[in-house]
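Below you'll find the structure, written out as structure tokens, and then a few comments.
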Amino acid sequence: MKGWALALVVVVAATLAIGVQGLPTHDAPEAPIHDHVGARYVERGVEETGMRNLVGAVLLNYRGFDTMVEVVVIFTALAAVLALPRAGSVADAPEALPVSPVVLFVVRLLAPFIALFAIALLFRGHVSPGGGFQAGALFGALFVALGLVLGRRGAARLVPERARPWLQAAAPLTFAAVAALGWALTGSFLGFPQAPELHAVREAMALALEVAIAVGGGVILGSLFQTMEA
Amino acid sequence: MAPFGVDLDYVAVAALFCIGLYMLVAKSNLLKKLLGLNVMETSVFAFIVTSGMVEGGDPPLLVAGAQPPFASPIPQAMVLTGIVVVVSVTAVALSLIVQIYAHYGTLEVDELKERP
Amino acid sequence: MSDLFDAVMLALLLATALAVARARDLVAAVVLFSMYGLTLCLVWQHRGAPDVAITEAAVGAGVTTVLFLIAVARTRREERR
Amino acid sequence: MSVAWEQLLPWAVALPFVGAALTPVLAARSPRWTGPWAWGVVLATVAVTVGLVAHVAEAGAFTYAIGGWSGAYGIELRFDRFAAWVLPLSLLFAVIVPFSWRYVVVSLEPARWGAFYALLLLVMGGMIGFSITGDLFNLFVFMEVTSLSSYALVAVGGRGVAAWAALKYLFLGAVASLLALLGTALLFVLTGSLNLADVAARLGPDVARGPVLIAFAALVTSFLVKAAVFPLHVWLPDAHAIAPSPVSAVLSGLVVKTGIVGLVRVVQLFHAADAVPLAGFHLALAWLGAVSIVMGAFLAIFQDDLKLMLAYSTISNVGYIVLGFGLAAPYAAVGASVHVVNHALIKTTLFLAAGALIHQTGFRTLSDLRGVARAMPQTAAVMAIGAVSIVGLPPTAGFLCKWYIALGAFEADRAPFGFALVFGALFIFVYYIRMVNALYFQAPVHARVAEATEVPWSMRAPLLLLAASCLVLGLLGGAPLAFVEPAVAGVLPVGGP
């Protein structure tokens, strides 16, 4: 087994070693990666999308369709975990993870700051690093941390039961809504209007996506955590 | 970074890929296999992000004071998507692993193969 | 200076990845994996990809680690020798 | 009034996704309605796809720029004849979903109903997106939706064994996805583009060969794993046999085909770019296909478990498709393309009928199910029609496909592959004869089999509909072939026949 595995790794390593040879040097500004599509984004991205953070511009605007499918992937993970048979009965489920008092203290101390940081990431995402996903991931991490402190019940209370399925579906649904709006306004699915008088609409659409991704992503990450722990 | 004409970044990425692959195929423990898969996946992300770098380049943030050349935004967007995809797959895999342990009482592949 | 930083970081990456592979205690392996993720995040932050760095720190090193730790807690801590 | 069908293309993907997202919301209120809801979503999607296909048949291929970013600057959907040919596969969901109602009610607790139907819709949306996207990275993301929901669907049915089968599937599937991502990344680094057509145009002679070859190998390996071609098939038998029967039908009939579609797309790309030695690749593909045909069929002979036998039969049939494309001869490629749809229909029929037998009797091996035809004549008849179709006896569509692939083998001067094909057909004949023999001509050994009742109508109607479709597709004869011919022209080094 081990020998077979080593042989496979050696073969793959050799293949990669050959493959690396012919690749364009990545630090060179004239590499194809900087010169073709990338160049246009750098040149006209701000004007075309209204976002100074080009990563955000690519994620939400130029390649928004990828992001739409991606939020569907997270949703799929949630549906997957919820569709599995419940592991064991309540009786043989282990108690909550033991947590040291130091951790409890630190989590309580940091929680508001994490939340603040996540919100800052969310709303300043168009001009600084950050945006929906990063904020969502932080919300999710916060959820997990609070779950440790508040216990399962307390963490479950953070998201009201009746709103939960809606929040979990928030990102795909908002994407579809924004796509439909773009369809109506510009004639293309997920199109963002570029006319100057519609800039406010464009910004509102982007913001709606960011918020939905952050909330939806965060709630789903938290739910994944809870389902696994339960 | 390329001393002696060798692109060290790409070499490191390839090495990480191989370490992950080794864990995936040689380890018997399911959790170790999954960690190996994650290492492989991050190595591919590292490759993608690295490919978009440029010597002395700024992040692709066109705010006041930012100077070209900028790192390419496309690889970064791809990797953001990829990271989320990987965490989704990992969460599903971990749920399955927990179920397997609850049923078989082991996480070692060779022991699992012997059970019906 | 920058080259030195990069070289140290790459070495640290490889070292943590190898340590993950070698660790028999699964909790140790998971924590080492999260260190690996954070190192990667530093490299990216340093070299023009702050967005990816934040996400990797929160998701790759944060959420993934916690999910792994829950799984370890619900199964077995030691990898069989 | 004419509908602007082009404008509806992205909704063919968005509809099932929105439907899936709303399913748990509905499930929180009344789980009972999730099944009909999922069916409604499927029917709406099918209406859109059928309209699109009709449009393409009339007006030809078109592209759709998402968000108005045309060319390489955004994501382009591409709806060509090949996509139009495989897209109607989503029609099968319109029978699989109602078939699974009964299974869901009997086997799953209500809290999981919503998630189950959501996953079915996600598989469908992912597959549709996978077949129509014209962007490499988008292809990867759609593949992940399909794969992730498939892993979960395998594990829905039971605890230990099912989870283990699903995890094996997940590990191999994740490596395959990773290889696809690696190939995508390499091509992106080399060309600076992700658009399939644009990448092909930019892979000029000055691009380094080594990385191109590795990218090609990574993408091809990835899709061969997803298609379960012989040495890479190890994940398939357990996953497809252990999954609940409606899920087996989806996986075996449809999800495996994403590997084939991916393969066709990659070959299209590299054929247009002329960047790798495709002749050698085609030969290797033909060999893999031939080995898959023989090994899959050979292993199927020894299976007593009905669903395991069908699973091995899938490996064999995917072998036919891969061989057909590998021969790189017009006739063979047309035959292979038709077999993609043909096998999807027949295997869905067989798995659902097998599921019906298992559902009513509680037994799943051929030796236990002996003589069930007396108690369940209609289901057994459906099973027999499926068997006759897949063996490829002359009036059925299966015959035409295999005949075309064999013609292609002779056309390409590769007669040995023709023999592999015949050899495999013999094996397939043997085990389906064995199956029909067991169901019809042997005495029941279990009282429960002898006294079994016919399945309820929610399961019987889909079965009868499918069996009728198998027969109709056979009687259509050359019509599907005529539709596909222009589609494969772009897949091949030479023009259509």
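To keep things simple, chains are lettered A, B, C and D as they appear, and every chain counts its residues starting from 1.
The working rule: a residue touches a chain if its C-beta (ideal position, glycine included) is under 8 Å from a C-beta of that chain, and two chains touch if they have at least 3 such contacts.
All values reported here derive from a predicted model rather than from experimental measurement.
Colleague: Could you let me know which interface, B-C or B-D, is made of more C-beta pairs in contact?
Modeller: By the number of C-beta pairs in contact, the winner is B-C.
Colleague: Calculate how many whole Å lie between the centre of subunit B and the centre of subunit D, each centre taken as the average of the chain's C-alpha atoms.
Modeller: Chain centres of subunit B and subunit D, defined by C-alpha means, are spaced 29 Å apart.
Colleague: Per the centroid of Cα atoms for each chain, what is the distance between subunit B and subunit C, given in Å?
Modeller: Going by mean C-alpha positions, subunit B sits 10 Å from subunit C.
Colleague: Could you work out how far the Cα centre of subunit A sits from that of subunit B, in whole Å?
Modeller: Roughly 16 Å separates the two chain centres.
Colleague: With chain centres defined as C-alpha means, what is the inter-centre distance between subunit C and subunit D in Å?
Modeller: 38
Colleague: Taking each residue of subunit A in turn, which ones touch at least two of the other chains?
Modeller: 16, 20, 23, 26, 31, 33-34, 37-38, 53, 55, 63, 66, 70, 73, 76-77, 80-81, 84-85, 87, 129, 133, 221, 224, 228, in rising order.
Colleague: What parts of subunit B, by residue number, touch at least two of the other chains?
Modeller: 1, 9, 15, 22, 28, 50-54, 57, 59-61, 70, 74-76, 78, 80-81, 84-85, 87-89, 91-92, 94, 96-99, 102
Colleague: Spell out, as numbers or ranges, the residues of subunit C touching 2 or more other chains.
Modeller: 50-52, 55, 59, 63, 67, 70-71, 74
Colleague: Which pairs of chains touch one another in this structure?
Modeller: The complete list of chain pairs in contact reads A-B, A-C, A-D, B-C, B-D.
Colleague: Under the touch definition given earlier, write down the residues of subunit B that touch subunit D in their complex.
Modeller: Its residues touching subunit D are 24, 30, 33, 37, 40-41, 44, 47-48, 51, 74-75, 78, 81-82, 85, 88-89, 92-93, 96-97, 99-100, 102-104, 112, 116.
Colleague: Under the definition above, what is the set of subunit A residues touching subunit D in their complex?
Modeller: Where subunit A meets subunit D, its residues are 15-16, 18-24, 26, 31-38, 40, 61-66, 68-70, 72-73, 75-77, 79-85, 162, 164-166, 168-169, 172-173, 176, 179, 182-183, 186-192.
Colleague: What residues of subunit B sit close enough to touch subunit C in their complex?
Modeller: 1, 8-9, 12, 15-16, 19-20, 22-23, 27-29, 31-32, 34-36, 38-39, 42, 45-46, 49-50, 52-54, 57-61, 70-71, 76, 79-80, 83-84, 86-87, 90-91, 94, 97-98, 101-102, 106-108
Colleague: Would you tell me which residues of subunit B are touching subunit A in their complex?
Modeller: Answer in residue numbers: 1-2, 7, 9-11, 14-15, 17-18, 21-22, 25-26, 28, 50-55, 57, 59-63, 68-70, 72-78, 80-81, 84-85, 87-89, 91-92, 94-96, 98-99, 102, 110.
Colleague: Which residues of subunit D touch subunit B in their complex?
Modeller: 137, 141, 144, 148, 151-152, 155, 159-161, 163-164, 166-167, 170-171, 174-175, 178, 181-182, 185, 188-189, 194
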